[in-house]
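Here the chain labels run A, B, C, D, E and F in written order, and each chain numbers its own residues starting at 1.
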Amino acid sequence: MYAVEVRDHIMIAHSFKGDLFGPAQALHGATFVVDVAFFREELTSDGVVVDIGRAHDALKATLQPLNYRNLDDLPQFAGRNTTTEFLCRHVFDAMADAARAGELGPGSEGVTRIRVTLHESHVARAWYEAALSRA
Amino acid sequence: MYAVEVRDHIMIAHSFKGDLFGPAQALHGATFVVDVAFFREELTSDGVVVDIGRAHDALKATLQPLNYRNLDDLPQFAGRNTTTEFLCRHVFDAMADAARAGELGPGSEGVTRIRVTLHESHVARAWYEAALSRA
Amino acid sequence: MYAVEVRDHIMIAHSFKGDLFGPAQALHGATFVVDVAFFREELTSDGVVVDIGRAHDALKATLQPLNYRNLDDLPQFAGRNTTTEFLCRHVFDAMADAARAGELGPGSEGVTRIRVTLHESHVARAWYEAALSRA
Amino acid sequence: MYAVEVRDHIMIAHSFKGDLFGPAQALHGATFVVDVAFFREELTSDGVVVDIGRAHDALKATLQPLNYRNLDDLPQFAGRNTTTEFLCRHVFDAMADAARAGELGPGSEGVTRIRVTLHESHVARAWYEAALSRA
Amino acid sequence: MYAVEVRDHIMIAHSFKGDLFGPAQALHGATFVVDVAFFREELTSDGVVVDIGRAHDALKATLQPLNYRNLDDLPQFAGRNTTTEFLCRHVFDAMADAARAGELGPGSEGVTRIRVTLHESHVARAWYEAALSRA
Amino acid sequence: MYAVEVRDHIMIAHSFKGDLFGPAQALHGATFVVDVAFFREELTSDGVVVDIGRAHDALKATLQPLNYRNLDDLPQFAGRNTTTEFLCRHVFDAMADAARAGELGPGSEGVTRIRVTLHESHVARAWYEAALSRA
């Protein structure tokens, strides 16, 4: 299995609901360094998994609506804790849509898995990885 | 599959038995930067894999008896080479016990896999990953 | 010149006032990975710059009132933009106080310079470095 | 499953054929930081996956013919785009040969998987991972 | 003294003239991860050294003519060895021009020093640091 | 001022004398990732600070007598605490000798400063920097 992985980042505010979160129930924030890996069984005739430039562009387009925002104010996240894990899945779903829509260029059609990793500090990170479902 | 990973470190002395190890048969030492990843199929109702604070605490409790020690002197390791790989398994077993005992807070009960990575330098590391067996 | 440097981190929310900041005028946030370096001309009789354990403790005590907070709400920052550069100076002043008060253990009295670095992402960071003034 | 991973690097020139590559169709170059992970179900009687020193040597021997070269000039790559992904597979094949030939020392015979990661910058990397076929 | 530092990268081919360079006399290449630090005695009224967004833009504009190129073909480098150290100075001169031209936004006028670091691998890097001369 | 920096590492055991050190009074160990930076006002006619290959060789030769050793047993360190700071100075002195002896190749004669950094973990490091004295 081949993979290519690209990196970008966002800087957001948010708060969490639930005693579990202790001091993180207060409004705070995070820099998330975001890695997205695309998996493919074989390389395209060009010798790539997907176009790395378009992969960077697709990731940037996904992150843009979140960057420099208070996630507590975004309607798409109403009633949800925007934990690192939850945001991994959010980015995964968007990148899966991008792959299915062919936005990663030639190779998009053969992407079989995606993994999204969010680094929240030098001592903690989370990821979500799954096969890419296709209709 | 979701995962969260936390990091800590230990500074230990040890020596190895066996010609394979060449100069590492002498008493030497290492800083091991330790990453532990917990995997879970779905997030808890709070939106997490496990409580990241408790995961950090459980890792620290596991590493504390090893930190600032000569591993050659520890009875639990008598007759064993405490290689990086071996120590990955040692930490894995302790973290698996912590998960089974619910010490990672809500979410502990759903942890299905654990991976423990020990970085021994900027050019070498090892890991052990396995499903979490439950009685 | 000798130096020792210790690392910790905070996760905060804040917003900036001024057209310069563009989208960062909105409430957003950051993980700041914080490095503090203490400089000393010569080592103590123990062979250290300062006690690295106490340095870690002093840094943690300095960061604790900021961690998991919205900096816009903190009275000590009222009317100020809590930029990465500004926060470097804030941490510097606190660490300088700690050195002057002897809180870094033996060696504190000989600290002549301090540098505080805040990493805000994998592509941007800031620092403040100055001699330590003494009455 | 256990793994050990070793790191080395190469500095090469190359160019790509195909509109997909845009400006990378021109002769340019890269530093590839190369990680090779060897997987084994159980540890050897010495307590290792493979001999980490021999693993480093085997990787160096594999990379040496590529280092400080223009890959466009190498006959083994004639007519191919030496993309990051393609080179992952090239290194994989050589390391698989090394494992099958016992060049990693005791433990070589039990290596079941290999993963080769090439980091091309701080924001992009690729890897190839597969089971090790044996005649 | 305050500083802010921004990061970008280039992927280039080149060769060196001189026995000193051994195998690096052949056409090869490098990824250079480039850090540029701007120093200022005091912060602007906005609380910054320079505008970090414009600093990123200025660095990108400086690197663009080098990226994906064979530096041996560029007229501005004719007869020169484009070593890591030499390129640090090349980027420094361009960033100094940018600061003098006010391209870093408010704060540009007070930049007193610049340091440019090029990381060529995980085990080697170079930098050039100097005061910013002003007519 | 120009600089080039090279990296290597050692894995050692040691213990410290003095209440200050708490649990580190026991025999323990460390991986030290070692960076050595050489400073020079101007580049050589080849366009370098020093020969980076020879710098790596000189550093390896300096570290070899320490690697895989218990520093408490080495006569050159008798009666001393081999703290991270102390070892920075030890490596500095050896690298200064190498520069004065011309072992870094052309450029050695113009090295004016050296800085040696030892990273002991992901959260702590130390360095020693000084001008290079010449008879």
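By our rule, contacts are C-beta pairs under 8 Å (C-beta built on N, C-alpha and C of every residue); 3 or more make two chains touch, one makes a residue touch a chain.
Since the model is a prediction, treat every value here as computed from it, not as a measurement.
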Longest centre-to-centre distance from chain D, chain (CA-based): C
Higher-contact pair (C-beta pairs counted), E-F versus A-C: A-C
Identified repeat of the A-D interface (over half of residue pairs identical), from B-D, D-E or A-C: B-D
Whole-Å separation of chain centres (CA-atom averages), chain A against chain B: 27
Distance between chain centroids, defined by C-alpha means - chain B, chain F (Å): 31
CA centroid of chain B to CA centroid of chain E, Å: 41
Set of chain F residues in contact with two or more other chains: 7, 122-123
Touch list for chain A against partner chain C, complex: 7, 9, 11-14, 23-24, 26-33, 67-70, 120-123
Interface residues, chain A side, partner chain D - complex: 1-8, 43, 46-49, 51-53, 56, 105-106
Contacting residues of chain D [partner chain A, same complex]: 16, 18, 20-22, 80-86, 88-89, 122-130
